[in-house]
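Dropping the structure in here first, questions after.
The first chain written gets the first letter, and so on, giving A, B and C; residue counts start at 1 in each chain.
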Amino acid sequence: MAELKKNVGQTVGGFFKSIGGFFSEFGTAVIKGDIFVKLSLLWMGAGYARRKQYIKAAIMTVIQAAVILFTVKFAMEYIPKFGSLGTVKPEKVFNMKTMKNEFNDYDNSFQILLFSLFSFVVWFAAAVFWMRNVVNVYKLQKTAEAGKHVNTFLEDLHAYKEEKFYVTLLTLPVLGVVIFTFIPILLLIFVAFTNYDQNHMPPNSLFTWVGFDNFLSLFGGGGLTATFGYAFVRVLGWTLVWALFSTITTYIGGILLSLLLNSKKTRMPKFWRTLFIVTIAVPQFVSLLLVRNFFSNGGIVNTICSNIGLTGFLRDIGLVSTSYIPFLSAPGWAHVMIILINIWIGVPYQMLIATGVLMNLPSDQLESARVDGATPFQIFRKITMPYLLFVTGPALVTDFVKNINNFNVIYLLTENVYTTTNQAMANSQAKEVDLLVTWLFRLTQDYYNYKMASAIGIVVFVICSIFTLVAFNRMIKGDREGTYQ
Amino acid sequence: MKKMKNSRTSTIVLHNLLIAALAIFWLIPIVWLVCTSFSEYSGMNTSTFFPEKWSAIHYSKLFHPDSVAQFPQWFMNTFIIACFTCVISTMFVLMVAYATSVMRFKMRKPLMNMAVILNLFPGMLAMIAVYFTLKSFGLTNSYAGLIMVYSASSGLGYLIAKGFFDTVPRALCEAARIDGCSEARIFFQIILPMSRPIVVYTVISSFLVPWMDFVYAKMILNAGISSKYTVAVGLFKMLDKSLINSYFTLFCAGGVLVSIPISILFIIMQKFYVEGITGGAVKG
Amino acid sequence: MKFSKKVLVSVLAAAVAVSPAMCVNAAEEEIDLTLWGAEEDQDLLKELVGKFEETYPDQKFNIEIGVESESTAKDTILTDVEAAADVYAFASDQIYDLQKAGALADLTEYDEAFQAVAGKSIEDVKNANSESSVEAATIDGELYAFPMAGDNSYFLFYDSSVISPEEAGSWDTLLAAAEKAGKQVGMTLASGWYNAGFFYGAGFTTDLNDDGTTSMDWNGTSADGYTGVQVVQSMLDIAGNASFMAIADGDTSNQIAAGGLCAVVSGTWDAQAAQEAFGDGYAAAKLPTFTVGEDQVQMGSAFGYKFVGVNAYSENIGWAAVLAEFLTNEEAQIERFEARQIGPTNKVAVESDAVKANAAISAVIEQSEFGVIQRVGGKYWDPSKTFGENIAQGKIAADDEAGIQAALDNLVEGVTAPVE
């Protein structure tokens, strides 16, 4: 734990140090720069114009103009309303002549939130860009004063193929991530602090800030029914159990299967491997929906079980109270079945990975162990297994996090099939087999309860990050990167 | 001596039998899928494993579209989307991987940490925001919108490729730099050719995304125009309560047809998967 | 511009007087409309839209027909009201949520345009359709949708070669007859739509409040003097009978086809499946009575309709309203019945011989007398589904009155919880 603290401390400390460095660089540039550097604060092209880099100056001017235009035309439409998230509800008048409705200029809280955040991100980027620009202009000034060569535009451009090639590489991907992942996530974090739900749905109604109310009803509550706290604890419990079991079972299963397939005794290993791979090649929405019908209350497996008398037997010993075996429709049964079905889906993947790792086993170690007379089992325990764990350990952590968020398996296997018999769970729209993600998905899709879903999403994130931090710090001592390079 | 050989043969037989048994177990649902798709009955068959009457009628129905099932059209849509997604995603992934693996710059660590953090958020939650973002660009119900959703954030999945690039000997890059190669040339002429497994792996896995996803596609293609659906959405809609009884077998047939090309890709990919994913993990 | 407006208004007034079908807006502008209907309705809708365009030849239309199941329309529409179709079909239980989210236009506001174009008033439409269907489409005195189909409810299908019409009259005789035949009677219990039938029959109610919450009295005593506990006991008796099959929601047609049933509670959408399964014995009737205490009580039902609504955010809302009415007028309803055996709400269409000869629709009409328009909010469904599942699985003992009362209290607490 101390180590974790140190590590986090370092990361955070380093982060602030680099921010501090950036600001002091900027400060120095502003204070020590000549009049054109200072002028660059107002007109971003000034410094370049002074050094006769006219094209660059023009580009900077255009960028500056674009940001100003963006601010006036777009950002200022939304940001002033950010504090209230809108006040004007839609009103309409029907125009007989055009047979159309004429609407007033109404507010849409969601749009205000989304576009405000978008504007903040643009402004933030613009601010950083603006500060960097001053620093760069100051550098340029110093270069020129030292009588060194001032780059031409082409030379500057050339740098993006050379030492600044990473800028060329990263611009588009980062832009994509910012627009399609970063801003949406940011937005949902903000929604957790609003009352965005079915009673406050844009465009017809407005929603507004409510502070920590949603988190209070998630953790507080008390009482038995209609509180999210009750369902939350249970769903969280199953989420963790599921993530643990599904990760471990497929991991071990994958290793065993790959050992089996890669054994010298196996005839036609490629053929067998291909057969297993076919099961993962069928899209999950096909294979899982099929398996779900396979095991449904009136499905084939149940028909067969009752024909061979298994259902009757289970009922006699009291394991089943219904006329069918509730494979996917009763707690307990469903939990076990879901993990088993997940083994079916997940083991071939893990088998492929384990196969690759096994191929790379350090053969000299194996050889010397064999010479020393170690049994195959000893070799497995002392050499193969530690090696596998060492190599795939980090992947195990990411798998765990992925399973916490494993939407497909749970959703496809239980949606519309599983009915909870726990009234208190039902009152919070949860089921015993829900993961936090499927629960929040249903809350948004069927109940438009975005505020609670967002609050749950933040909790999922916190859990995942705590787990990842702890696990990575335990498993990976130091930075392994470059060890083998 | 002879006895020993016998026991060896018998363990080999047992060993292979065990594998065969497992393989059969693993294939039962797939076999059921194929069998059901050849059933004459169009609803769900719950009493017998094999269909009562065999027929390929549902396959021919797939190619004679009605208002519900427009399989050839869906297949084309998905194929087009998949091609674009594949090109953009692969580029993004390789670009990010190269920048973070081979190059060193100030923002490298912060960016990588940021990527780890973003990956921890449940993506389902961001869906509605992604939808409205697309809508404000007017890109819902369009190929372009779906392609963006599938590929724009693909840079976040750079880790495996980075792991692989890490294994390429740095000396090679250094030598090239001394020879006056630009970074761009190192990327295209040294690193990429040496990373065939990971390139193939990235290409195939990004190509498959649009074939598998039904959640985002359902949300973005919300105009109800079934000729615009992807295969996944179209097939998924067949399981609607009011349709399942007349379209279940068709769903199975569609599932089989989608699975065939994907299976072939997977079989090609397995070699590269093994080399690519683990090559990175082992050495990096 | 001003001049033309004046001219237009006067022309309009004349048009109303002279030719009802005259177009208000004879402009060149093409009217874009989108229309959502069920998968099975697509061919019919195409035909009706064609007729619609012929009816108004002076106006150019560009009408796009999309697929959206009536039962899931709400889910898609509420995600983004502005992107939803201008005109869409939906099941009547969604009307409150849709209206609340502003997804439904108040049709009376467009009465004027309507009269000018279609030549009839909203009042005429109201009069043309059955009173209860109009009532179900009305919120706070305003009409929010046009009734399209009047058979969105459940009743009893049975195999008359096994069960006599008298035996189909009550659950007791029904189950006994089924046992004799070695078959089962099926019904979905794990759904607040189906299981409410028992409570409505015994005089219990549900209601929707202005704030979106639901009120429910099932844990008390009904107007007819029965207690909720008695009703649950009766349901438990039925569910515990070996000849009763509790069918999972949505699995009914599949179970009918499987062949183990001799009677089933379902609606017209399963008529074809039932016809195939029961063959010549195919028959339909109102729901049976069930035993509460000493009495035989007629089962009620949640009676629903299929509506066509107009999106309040529609770009061309006037024309959208005209199209919506066109899709639900007398001719359209007759055509829909002929194409898909769907029960009409139009008073003339209902009286036609063909409709009367249809066993399923007759049964629906017979049951409608005991039907209740189910007014509930979003918090109703999950708790009541779980409650039904508990009964189906026999999780509560029939003789444990305190346990039943506690379960009912729990249910009511969940259903009546404030909307988040």
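In the analysis below, a residue touches a chain if its C-beta (ideal position, glycine included) is under 8 Å from a C-beta of that chain, and two chains touch if they have at least 3 such contacts.
Only a predicted model underlies this, so the values are computations on that prediction, with no experimental measurement involved.
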Of all other chains, the one whose Cα centre sits farthest from chain A: C
Maximum inter-chain contact count - chain pair: A-B
Chain A-chain B separation of Cα centroids, rounded to whole Å: 18
Inter-centroid spacing, chain C versus chain A (mean Cα positions, whole Å): 41
Chain B residues counted as touching two or more neighbouring chains: 44, 46-47, 128, 132
Junction residues of chain A, two or more chains touched: 296, 298
Shared interface positions of chain C, touching two or more other chains: 79, 250, 254, 258
Chain A partner contacts - residues on chain B that touch it in the complex: 11-12, 15-16, 18-20, 22-23, 26-27, 29-30, 32-33, 44-49, 92, 95-96, 98-99, 103, 105-106, 108, 110-111, 113, 115-130, 132-133, 136, 148-149, 151-156, 166-167, 169-170, 182-184, 187, 211-212, 214-215, 232, 235-236, 239, 251-252, 255, 258-259, 262-263, 265-267, 270, 273-275, 277-279, 281-284
Complex contacts: residues of chain A adjacent to chain C: 90, 92, 94, 96-101, 197-199, 201, 203-205, 217, 224-226, 296-298, 321-323, 329-330, 416-417, 419-427, 429, 445-449, 451-452
Touching residues (chain side chain C, partner chain B) in the complex: 34, 36, 38-40, 42-43, 64, 66-69, 71-72, 76, 79-80, 83, 85, 250, 253-254, 257-258, 269, 273
Residue ranges of chain A touching chain B (in the complex, touch as defined): 11, 15, 18, 110-111, 114-115, 161-163, 165-166, 168-170, 172-174, 176-177, 179-185, 187-188, 257, 260-261, 263, 265-267, 272-287, 289-291, 293-294, 296, 298-300, 303-304, 344, 348, 352-353, 355-357, 359-360, 391-392, 394-395, 401, 405, 407, 436-437, 440-441, 444, 450, 453-454, 457, 460-461, 464-465, 468, 480-482, 484-485
Residues of chain B that touch chain C when the two form their complex: 43-44, 46-47, 67-68, 128, 131-132, 135, 140, 219, 222-226, 237, 240-245
